[in-house]
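Notes for the one structure printed next.
Chain IDs A, B, C and D follow the sequence of writing; residue 1 opens each chain.
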Amino acid sequence: MNKNITVRYFAGFREHAGVGEETVSLRAATAGDVYELLKDRHGSQEPLGHCKVAINDEMADWSTPVNDGDTVLLFPPVAGG
Amino acid sequence: MNKNITVRYFAGFREHAGVGEETVSLRAATAGDVYELLKDRHGSQEPLGHCKVAINDEMADWSTPVNDGDTVLLFPPVAGG
Amino acid sequence: MRIINSAIEPDKLRQLLTGDAAGAYVAFEGWIRNENEGQGVLRLEYEVYAPLAVKEGAKIIAEAREKYPILNAACVHREGLLEIGECAVWVGVTSAHRDEAFAACRFIIDEVKVRLPVWKKEYYVNGDSGWVNCERCAMHAQPERKVAG
Amino acid sequence: MRIINSAIEPDKLRQLLTGDAAGAYVAFEGWIRNENEGQGVLRLEYEVYAPLAVKEGAKIIAEAREKYPILNAACVHREGLLEIGECAVWVGVTSAHRDEAFAACRFIIDEVKVRLPVWKKEYYVNGDSGWVNCERCAMHAQPERKVAG
């Protein structure tokens, strides 16, 4: 069954997608599934381990389940400071 | 043969001697001799190794020879910062 | 932990950490420099996801307080476009003695650099640009790179 | 290396170290705190023999430049009477990356504390006073201590 997920893209991901946020209908069980299913949108070849994810403004793991209505934030590798 | 040595006392040494500087006539071969011969003036029981000495504004060792007319600076243990 | 889009003022921030028991203050600042990995840099753009950056930064500072007997610590990170010489990040720590201020300041900046949701895009002298730390996503994200380079 | 008898102004000193190649700035400040080894401190008096302190400080900074690939470094030490909270010593270092700025800043303050001809006399809440680091000379230098204590 598909879930409605709001996805937010950051930095390079956003530039590739051409939008900062969109709502998509996906057959995804985990945050990792969202990343994989949206490869064409964020365009990243980075391994999952290099990137980070948050769900509803809480840092999450790629194995964290996603629910209908969740907002999933896809973070490219960070470079603070 | 005695030498005329100008001695400068710092911090606790100066407080004990009651003067910052005085010229004394001493039978001293080295800076260490000056320290030992002036124990009553600077009043310190500190081992030589805890204190420092300079001659004519250059850092010196206790074994450095002193010459007639030299200025010997006697430094108690330091505590910068 | 704060994210701001105007100039960081270290002297004002330093005042916030003062206290009669503080004997040591250590500060780190990251400044925009004119070069990275051999390429001339003109300016940098910082993108920050502030809601989580603030949360994660506060967590890092709390961890530093647990690890080291410090008195106070704070961190401020810039967002937006920064020119060469500008301060991108500031960390300040106070403690009774200097050991723990040095250690905690180092801990905080190290963690900030790898944990905060912050991304920087470098604009190079040769006209290229690129997201730092993002080799394989940058290649895809910036087809204009090949055109410009 | 400078010895001054007015307030240290870290923000002005920091400006002297800027440069387009600098990516990291680390500063240390030693502040007068209200306690030392269990005794309440009211204020401190710093005696500095400036001619040699300046020479020795410059030597320490030159050593730091040889040991670490830093861009710039400086140190300022106060002399005279200082109140709680005042800055007694400031060290600032810039470099391309943070490792060497942290290491060199730590090196400089560690050396300054043991090599500069600087002495501090603490004035305690209970009326006593004493030269720090000078147990056996302080006892002799201050017969008034027993009277006051």
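Brief remarks follow.
We adopt the following convention: a contact is a pair of C-beta atoms (placed from the backbone, for glycine too) under 8 Å apart; a residue touches a chain by one contact, two chains touch by 3 or more.
Bear in mind that the values here come from a model prediction, so they are computed numbers and not experimental data.
Farthest chain from subunit C, judged by C-alpha centroids: B. In whole angstrom, the spacing between the mean C-alpha positions of subunit B and subunit D is 24. Once the centre of each chain is set as its mean CA position, subunit B and subunit C turn out to be 51 Å apart. Within subunit D, the positions touching two or more other chains are listed as 30, 109. Shown for subunit B are the residues in touch with two or more other chains, of which there are none.
Pairs of chains meeting the touch criterion: A-C, B-D, C-D. On the side of subunit A, the complex with subunit C involves touching residues 10-13, 15-16, 42-46, 52, 54, 57, 59, 73, 75-81. Listing the residues of subunit D that touch subunit C in their complex gives 10-11, 14, 18-35, 84-85, 94, 96, 98, 101-102, 105-106, 109. Across the complex, subunit D meets subunit B through its residues 30, 47, 49, 51-52, 55-56, 77, 88-89, 109, 112-121, 131-142.
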